[in-house]
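Report on the structure given below.
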Amino acid sequence: MTLLQAKDITVRTGAERLLDPVSLTLPAGRAVTVLGESGSGKSLLAQAILGTLPRGLVADGELRVGETKLDPARPQGSRALWGRQIAVLPQEPWLALDPLMTGHYQLAEVFDLVAADPRPGRRAKADLAELGLEGAGGKYPWQLSGGMAQRLAFAAARAGGARITVADEPTKGLDSDRRDDVLALLRRGLEGGGLLTITHDLTLAAGLGGEILVMQGGTVVERGPAERVLTAPEHPYTRALIAADPAHWPRPDPMPETAPLLRAEGFTVARDGRSLFAPLDFTLSPGQILAVAGPSGCGKSSLGNALLGLLPHQGRLWRDPALPKLAFQKLWQDPPAAFPARITLAEGLDDLLARHRIDRVRVAPLLDRLKLSPDLLARRPGAVSGGELQRIALLRALLLDPAVLFADEPTSRLDPVTQALTIRLMVEIGRESGMAMVIVSHDHALLEAISDRVIRLTPI
Amino acid sequence: MLSRLSLAALIAALPALPALADPATLAIAAPFEIKAADPLLSGDIFLKLDVMETLVNSDATGALLPGLADRWSVSEDGLSWRFHIRPGVTFHDASPLTAEAAAAALTWSWKKEGILAKAPVAAITAEGEEVVITLKTAFAALPAFLAEYRTGILAPAAYGADGTVTALIGTGAFRVTVLEPPLRLEAVRFDGYWGGPAKLEAIHYAGVSRAETRALMAESGDAGLVVNLDPASVTRLASVKTVTVHSVSLPRVLLLKLNAAAPFFDTVAERRALSLAIDRAGLAQAVLRYPAAATQMFPPAAGAWHDPALAPLGYDPEAAKAAFAAAGWVPGPDGILQHDGQPFAVELLTYPDRPELPLTAAVLDQMLREVGIAVTINSTNSSEIPAKHAAGTLQMALFARNFALVPDPIGTLMQDYAPTGDWGAMGWDNPAFTAAVRKIAAEGGTAAEKAALSATLQADLPVVPIAWYQQTAAVSNSVKGIVIDPYERTFGLKSAEIVQ
Amino acid sequence: MTTRHLGFGLLGALVALALIGPLIEPLGPFKQTLLRALAGPDALAWFGYDHLGRSMFARLSQALRLSLTIAFAATATAAALGIFLGALASWRGGWLDRGLSLLADSVLALPALLMVLMMGVILPSTPLAFWAGLAAVQWIEFFRLTRSVARSQLASPAVEAARLQGFGPVWVFRRILWPEIGPMLRTATAFGVANAIAAIAALGFVSVGMRAPTPELGLMMVELLPSWREAPFALLQPVAACFALLLSLNLIAGGRE
Amino acid sequence: MTFALRTLAFRLLQAAGVALVVGVMSFLMMRAMPGDMAFRIAAARYGYDLASADLAEAVRTELNLDAGPLVLFGQWMADLARLDLGRSMVSGLPVWEEIAHQLGASLQLAAVALGLSLLIGPPLGIYAGLRAGGRFDRALLVAAAALRAVPQFLLGLVLIVVLAVQLRLLPAAGHGDISHLVLPALTLALGLAAASARIARDAMAAFAASPAHAFACTKGLSDGQVLLHHGLRAIAAPLLTYLGLQFVLLAEGVVVVETIFGWPGIGHALIHAVFHRDVPMVQGTALVMGLSFVLLNTLIDLAVRRIDPREVRA
């Protein structure tokens, strides 16, 4: 029994076509997943089907949900289905939930106004209990963890009794160890209903099974059952996508243990009187990659900042006295925020060169090495992609010949392929220049793949 | 949540049907602000509204009439005055008006620097039904002083222990019900009034400082009586059918006070030249909008003090220039007169409380510049004039002097010109004039003696009179019996009534 | 943004009138010809005469010049003071930050009118009093603006990066804080100048501002108000000038992207 | 409860700050006394006809003005500690009494004006915010700028002429029953409405573009339900915070409107007090206006906290 049938869906803005014709059907009980990087058109497809395209974009094609026939070109028509026949699980649910209302009220509201349930309060309490959110009812969305907010949004989206669920990037911004919860949640949507998932997370796609469509540059480059597409990809882009998964990365050859750059004994960091993690002992020698893992909020960033001297620390920390202050540099999680927003990258760089009298001739080879085109520098940080910006940040650090580089979740906001490229460059340059690296990330697979040693923080 | 809040505000703001001005209530709008229930501070308003009364009254010509005292007499040596209290008069709190109560009220006013402090009073006592005032020296003008609003009589219960007035309990035709300084007073008819109950049921007094707003209230019928209209409103309200505009000349004079000790004005010739430089007719028409050019110090309203035979003050700028040249003032390169190096530059003090004063100052500034006098206008607080007079630094000041404080101008003359005064002459000495004034004050004077004094002022010009004031008021046609009193003592509310 | 260009255009015209007017005008703001009181425009007085026969064109251009100079001077001083203290407070933090914001909030609690009135008593000349009073009130807006922007910027990775790369506070201000505050400054300045002009006019209206015979918008309105039926054209000029001035500034301020 | 306690502590500090700033300003005022204070007060008490040197002398001795400004300042601070604002030098009445009457009239006017402005401004702002960038939105921007540019006394005059004189609907001026309240309140409300319309428009436009709005729609709620349950709540916090700051501007607008409509408000009293150098009255009025601002903003802080409990807002 097909719940939803879409034929030759396209999206145009004026004359230019952003999405080539795509057809898909949502059967009950079998997942359909659209895989691709940002800008591949996967979100446009979902929005065209739902009728939530931003102003100025026009969809076309045929659409049938259950018995009702809809015209994608006139989105108002599909509004009646929202909540009642199609449940939409939004990106970053902790932003999508109303920050001024408790979780319980936001759920009960849907039972009352959409499902016209006689006792909305009771139904909401039962729903929350079922999802393990008993305590969350009275709290505000910003008091909930990412996972809890996800489950609340899921309940609210489906409270209207919709049998079709559309999930848009459900794992975006979540810790990777929360992925199994998301999987369980989406499978719940599959019982007797249809599920359309938009994601760039390969593991999630594998877990959901069903049919997978791989999209690049606005067209579907490959489609088929999940087992076949993920194990024996035919299209080169799909192969690159799968290769970008850290689990498939070749392990770099280990670095010999040479004279350490810094040594830490009983080392910990305290915030307003309370130490964040159990004391640690470790050393870091040139070329080595030290990974720091642990749940969010347990002080991973603080540890790195303390090593750089940005934060006070407890316990003993020995740094090689020969190292100048500039030898300690850092990469940030959100690249655009790490650059002065209102001036061009070139101006920032010129200031740096002038400040430390660095010879300009060193810039060109580094640009080339980091696969960056020189005309990027003429733009402002806002006009450059996250991946390129992080590599420019790396260039900026390398110009100061750093001995130690602290990378604070450097690639968590990048697409898989870009992430793979950036990490590979960081590892190679580190090995070549003898620069030691401390890297923090949620992605265990990534840390395992590249680091010489992994420190797991245990919060106190 | 927000919508409920704004809904409540709407209900609170729903304009109740505009309270139809119930037929027998008269609304009065005037610029005076009620400072407190204290006769010394706001007695003039209470007197005008017939809430409070004085022992002695006066009519429109300034002649004295019996008030709360129905007759009075003075001893041979003029040192002991006996005022018989009118029988059967009760205060608003039903307590009777006795000689003791009247004496207590007068003593309170005398001790608080009231006008009695200006008279040589030795003691105020009560004997039977009479108030006896003993003087140190003879003073014929005493009854006129007891007509002034600061000697208003309040019930003993009105005065608090610490000497402040806590409640306004007078004997007038209207009893105060609401007193909210500075802008609101409401009173109802006092049936026990000794002169018979008034026809109006109630009066509402509203203090409105802006003249335009008062004029609009007259035009929109919000106020049956509007007092003190500005010149422009007078011309406009004349064309409004529902209102009639009354104006009566006042014994109040627009004066230019000079420091006769200053080198600019120390000779009569220089003062006369200054007077000739002023086009009084042009100024009165442009600023006051009615023909009020002063020919001499006292207007006709001042009775015997006005001498029609006196030669009027003229306007002849060329003669003025010649006179200044004769006095040694030679025009400098910039046209400003100079006398051995010192420019003829003076500061003209005035105050904005009366809107026409800054305007007149601006006009005088230009007129005097024509004859070579450089004037800088300083429109500041009115107290600067007496302050600079006391400090001797005053050069020129422009203000409106009220000669009707006491029904007989002699009271003000004594304060201002015998021989000098804050609001009168400065640096001017004329012993004969001072002696004559004191004699008239003590024993009263004949019309000829008064005319002689006027002639001296006209000849010596210690101060230069510019214009005579007119009191303007707009009365609704549905109100009858309103009186416009030149001595600004009453509106005639006792006799007024509203006819549809 | 068309509304912003409209605003700048209007303001430009008024500033031109204020600067050029008094130079090319024959009569001067004080010359009185009583016979021509409230008369219509003629060869000498292009905008007609006021109630004392003075040229309206001369008085209007002088009044615009006076209001604009005081308003811009006050707002500029307030901006300089506010931005400096705002940046200092957020950079140093601690008791200096708390002290300055307490002072700012205390002064904010007082009506601007009271500050100007009090300054009027303390300082001898009225324009000086207006300049000081208005500056003392308006610096708070700039202080709070700068402080909130600075606090969010100083906590950003960009500043942490600058520190690691050896840049000093001056570079941080010049390259990160100032470009961020710049655009907001336009709105705050435009509103500041508008409020200043409105305050000067309001005080002139209740005759505690500039004193006669100085030409000032509020004072001119008060003087011409009584004859608003006889010569509405005369009263409308200062009102239109004040309205145009405030409208242009509001459009400039309001025209955010 | 820590947030509430912290707000109260901060606001108490602010109140103390206000008292200190008022004290210092008044001290400067007393010390820099152009023209002798005694003369000014005598003129204020007895009117320009009677002000004279000896009356000024009597006032000087009665109020011991000869004591240096420092002594008077110390005296005022001591009295303030006992919450005694002293007596007005002009009317001799306790300052509390005078302020209570005049502040009452002003607060009544301000409250009704605020209420009316909430009825006019925000509804227009919401409508424009939901159609951000549309014709109505641009029109509102220009109209709001124009309304804010019209001097308030002109607005008052026009309202009087049209409503009171021409249509005789409402009394032109004066103070008495509720119908006197409408015109001055309307004059103030129009100015305020222009400002609150813009604030409501910006807040609503931001909400309409937020993911919370999109999710509320995709949950199945109609536009009306989204506005009622989520929209109004979203604009309540910025609007309330803005209205708190508006109180100070209101105090100024009241002055001009009071003189036009003959309304016995605090602004009117303040001008007279400063003009007549009635320093205790100036100090008392400034203090009361300052503290009522602090009190109002404390209440608003708590109300906004109830609407939007997030600690640090943008």
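Letters A, B, C and D name the chains as they come in the text, with residue numbers starting at 1 for each one.
Assume a residue touches a chain if its C-beta (ideal position, glycine included) is under 8 Å from a C-beta of that chain, and two chains touch if they have at least 3 such contacts.
Here is each chain with its UniProt name: C = Peptide/nickel transport system permease protein.
Every value quoted in this text rests on a predicted model; they were computed, and no experiment measured them.
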{"item": "Graph distance between chain A and chain D, where chains that touch are linked", "value": "1"}
{"item": "Any chain that touches chain C and chain B", "value": "D"}
{"item": "Taking each chain's C-alpha mean as its centre, the one farthest from chain D", "value": "A"}
{"item": "Per-chain Cα centre nearest the global Cα centre, belonging to chain", "value": "D"}
{"item": "Pair joined by the larger number of C-beta contacts - B-D, C-D", "value": "B-D"}
{"item": "Separation of mean Cα positions, chain B and chain A [Å, integer]", "value": "86"}
{"item": "Centre distance in Å when chain B and chain D are each reduced to the mean of their C-alpha atoms", "value": "37"}
{"item": "CA centroid of chain C to CA centroid of chain D, Å", "value": "21"}
{"item": "Chain A and chain C: spacing of chain centres that average the CA atoms, whole Å", "value": "49"}
{"item": "Multi-partner residues of chain B (at least 2 other chains)", "value": "212, 380"}
{"item": "Sequence positions of chain A contacting 2 or more other chains", "value": "none"}
{"item": "Where chain C touches two or more other chains at once, by residue number", "value": "225, 228"}
{"item": "Chains that touch, pairwise", "value": "A-C, A-D, B-C, B-D, C-D"}
{"item": "Residues on chain C engaged by chain D in the complex (per definition of touch)", "value": "3, 102-103, 105-115, 117-118, 120-124, 194, 198-199, 201-202, 205-206, 208, 218, 221, 225, 228, 239, 242-247, 249-251, 254-255"}
{"item": "Residues of chain A defined as touching chain C within the complex", "value": "308, 310, 325-326, 328-330, 332, 334, 337-343, 347-348, 351-352, 355-356, 393, 396, 400"}
{"item": "For the chain D and chain A complex, residues of the former touching the latter", "value": "210-212, 214-221, 225, 229-230, 233-234, 237, 307-310"}
{"item": "Of all residues in chain B, those that touch chain C in their complex", "value": "211-212, 230-233, 235-236, 282-283, 285-286, 352, 355, 358-359, 361-363, 365-366, 377-380"}
{"item": "Contacting residues of chain C [partner chain A, same complex]", "value": "156-158, 160-167, 171, 175-176, 179-180, 182"}
